[in-house]
């Protein structure tokens, strides 16, 4: 079913990238092709190669590429000269989005949030969230967690754990303390207890926090999934210590773990939630920060941004909400497929002593080795499967297939993955045997 | 020619905004309409009102709304299932953009820059720029200027002068010193001399800077335009003191002041340039940071972001570059129209003792009073003209018409502005006479 | 043997303190007497009261008040017009001190340190230590520990755990991470393991440290004594991760725990050591920072201070070194008396379920309640015994008797303490029984 | 009258300094002798050399070395077993000091201050001052001035202008803005106007200040003396903008400029004043912070320190207050001698185009060259005169003779200075003529 990427007779001129694109580029290095079009779970390069996409823009394309319903909505909007850019002026597209978001997301979940349209990047939504928490509480310190990833602008970067990303700041990153995530010190240490102890101790050196910022599943950090118990404890601790609870749902939200939010049915309600990535549905830049009304203490324009109302994204997001979130069918499907995914990964993992991580359709295999995981994903790419790693040492192979993938195609991709793991392990044994 | 916005018989239900949109919204307050479609210089609300747009998304819509050539390019791309989102993978759309940017912008100006696709917001481009300057120099302090505006995420916000915006940070903003901009202390004080003295004095308390970050015209800060002499001095000072010169051309670039860059033909070349706003041409989120190759010292992925390659924006940006920047015609036109604009504003200003500010088609009138300027822009909006203020006290009425506006329509808008200024001044006299 | 403080017939006028001394005063509140003279273990107030001193200036008077040999040396020096103040010029007094410190302290312990005369306060010695560690490593973050106390100037305060002290800063305290001290999470959690894990994890959010700053016994933090094993682990971790190990021996050094340094015979050598408090022997302001020669990378005057060579303190310090540290006798005596102290405290503690803490003659009893401990120390003071509390909740009664106290007088003081604890506990039972 | 330092036949062993004293030592390098005793204006080295002291411990020995009255008071106190160290307990010595300070300093000047005994270093007094200002105002930013010097601990160092000192911090110094001091931009620019403009401009990037911290004469910064007009303006600006005015009188206070405080009779009253250096009179470590009662908002112990009540210093300070400050005689004498000093320096300066700087007996000559000034002071030292430089480039020769010097001896020292300047200038001409 996979069309192997074909080596073209003629090697196209790619010198423009070397000449003009900054050395900061990254994915283009491990997947050195030039892509032209994409639909559903498939991407096509300019030399006839076809690739199954198990990366989905790091969970930005939960509904696949160019979903026809979303695409048509956008074509109609543009064709009708719909407002493309209007700062934060009210538009028909904004109203439709707010109406749909209220009716299809908030009300069915009995959630009462105000919607803040931040600059259309996840990092901007996080910056807005921590600004507001600091303003509301009058405190400065934010608690984030080991292996957390929250963005690359200075405020969000301070909350990010990764040393290489942090090093890029060029200034010390302040006003944030990183505490151990669920399971960080192994199964015998309850890290919520540790946090509670430190916050309750007036001599611990940990200042009273404005916010606790947490991902329910750490996408970039290695697909660590916190338990509902632990998350409830963190929510309780936040409340007890006067801090706002911010759930960064940028990667785990929008259906990736089954529900629209990753924290549904866990028994707590965050004070602030950040969303981005799959929010527009089509991969268009879009981010927002949800606020409990009592904390919506912004002055007009206190946080702003030129692209904070991306109307094209409103249009596709509204279409996605209507199409996928009007009934339970989609969510049931995602959960079922997530179980199937877990089962397959568990089989592979059991064979090699790997560990399955994650939740819903945000799962991966911790191979314990960045070299091994990298070898596997490179081999997968050569076989037509786009898949990436995450984790502190890039040791976790993560499966972020579109949520809309059909079971058969999911199986095809997992077959490739399994094969490439087997081959890599065989190579390893071979090397070890020499 | 202007269609007065019509009071509709039936007042539409706008309660969703009160109920669900954060209090942070701003433009929607001073322009309380809901807009549906727009083309060229015109915006249309959902009750039949038509508005002439002298705001242009704060210079994001230099080519007007939904320019047909850009729009068609995007429709074709979407229709053909072009990649919408691909992280920073190479795509046909990216290649086309880089080719066009090299051929039409860099080469004709003999500029040698690498292009860094940052998150698609201006603030992200600024964050990337100052990160890199700190990395390259190993220094931490950045010099920004009084009344400068550079964005709302923590690193860029530290470079921003506005106290209300800064106050939103909730933490002290560090590692930046604000020095007086050109003319800040009046015509008799050369602020470049002041800066040179402080940087040359090892006891001034001003640490050696990683970068000097400057706008050639301060859009949000009140349309202060620095003189070429002063900018050259700043460039020389940066070089002499081992700092990188960053020109933030987010608002003044992309043709607003006549050339593609606002610093063209001034006799210096910035080390880093940030662009955003009108870069996509259609108002789509897009930002980039240009780097001299010798300073492109990024590690792969050291600064990243989910939406850092917005392919829809590549498509419209490429169309815009090809259509407007393949010849000198557009630039000549902008300059000519800028002169016309200046002449009209000078006439009004002379009458009331106001001051004309700005450069090219980025001009305004400093009325000396935020109340007055606000009264004028409100009256203009009621008369169908969208126009805004800027400056420390919102005292400057700024004209940011699309660059593509025809002379007659420009005159119509300026007529409204002039009339409303007259009326406001008459009211003032009336009040004063009571 | 104790002379009860006599209530004088006439209450002296103390209004000058209310009128002129800042509200920041503290000990004067819990011990509301005015003292005139002191010798050995005794302090005398101006109304004929005599007090046994189990506080010793928080370990600043390890040799008691006005030790006759130190006192005579100072009288001779002043009488002979010895240099009192000479900035950091060489003086006979400085030379004598350095000679004695080398011969009596460094050489017998095979320690090779350079001596840096900092401003004569402990906090200044700590500031110098962390400055140097940052300079040497080129890193900014310092690891300090829960419940650590290192001083009140901004750099040292950032390393201090106590929230009330930290709150006084008025600015966020940055560039320091507080990690759990030995035993912080109970006996089952090895906090050195936790630290090792976080420093070895490139995504933990804990930046690479310039230094690890540790007290071997936390004087202000509640007399927590780290085990030699844990301290060796910390020393190994510092070395493995390129950080300098700084032992803050300001309270635990100068004989308090038995040896001159608190880390002797533990199998590791700190890179930097801070000393102050009992260094002068007579209670005169004096502090120094010891540096491994390879880290003595200061430029001349890079850290300075008007009083950095306190010659009076040199004189008494030299006399103290010669008198107490020329043989093993004093140290043996301190250790023996420390054991005696421990035995007495253990007896009391066992009776009430309290916990004995500390090491050598730096011991205390954790009563578990700040109210209880405060009631006991207040009652002791009324009975003529000066004794104080420490700990996050002031719950630890600390015995910091002069090291020179004779066994009988030590017993007298401990009798008072025991009696007052019994009385307080009886009161508690009485209250509980009501 | 000067005894030339005699080259001794036998060179003493000084290797202990190389071996054991940190490379941070500074004065000992430019004055490579070992001193033994001192009285009045004279210092004696251990080889029979005698030196006239025009440095006075950088204004720490305003009453000369070992003044007999202060010395006798201290000998009596120590001989009588007076309390040497008692933390901040009330002592007879403290009461005497407070009584004398109130009666002799505060009341005659109609000043109402609370006295805060900080750690006995100037830097600690500054740290306390800015902490309190931040606490009282709830703001974080402190305004300090170009060329200001306030100490070396992290909070005070951030307020210090000198780049080499700042560089020692190893972390960026934050929460302080350095504004131009009086005359910084030459006689035509009123820097108080500049400050007023920036603070009144909500877009200047200068955050609302907690305090303005100023020296009336910048001792380390090159003896720049602010005009009373300018200082009054600064005081007014502080008040208008809700900031506390802190005068750092550590070097200029205690009589150096004529009055006890350097700001007397200038028509404004600081909110906070810091004192140290000559406060004890004998050169003993002592510092305090004076607070207007309404700002004495400290919690008990919120800022503390082991040596914060240096009783020996109380004793000598009290003796000094009684002896020198009970009548106007001393102040009149200092002023008269200051005029004499100015006249002599003006004569020298006129001859060579130098500039006389300073006020009272805190004066110097700006030679315009650090090399020249260094050559002169070195030659002076060889001729038996201890004198030092200050300023950003060490270009100012500063005369800080004891205030108690008799006119004839002052003339002797100035003769040496004049001769050595003449010789150095002749050498320069000779070099230039070659």
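In order of appearance the chains are A, B, C and D, and numbering begins at 1 in each one.
One rule holds in what follows: a contact is a pair of C-beta atoms (placed from the backbone, for glycine too) under 8 Å apart; a residue touches a chain by one contact, two chains touch by 3 or more.
In this text, all values refer to a predicted model and were calculated from it rather than measured experimentally.
A count of C-beta contacts for the chain pairs A-B and A-D puts A-B on top.
By residue number, the contact pairs of C-D overlap by more than half with those of exactly one pair in B-D, B-C or A-B, and this pair is A-B.
Mean C-alpha position of chain A lies 50 Å from that of chain C. Taking the mean of the C-alpha atoms as each chain's centre, chain A and chain B sit 31 Å apart. Look at where the CA atoms of chain A average out and do the same for chain D: the two points lie 58 Å apart. Residue positions of chain D touching 2 or more other chains, listed in rising order: 140, 164, 171-172, 174-175.
On chain C, the positions that touch chain A within their shared complex are 140-141, 144-148, 160-164, 166, 172-178, 180, 184-185, 189, 193-194, 197-198, 201-208, 221-222, 391-393. Residues of chain A touching chain B in their complex: 14, 16-17, 19-29, 31-39, 43, 46, 55, 57-58, 60-61, 65-66, 71, 74-75, 78-92, 95, 98-99, 101-102, 106, 113-117, 119-124, 127, 130-135, 140, 151-156, 158, 164-165, 167-171, 174-175, 210, 250, 276-277, 282-285, 289, 291, 296-307, 310, 312. Interface of chain D with chain A (complex): residues 171-172.
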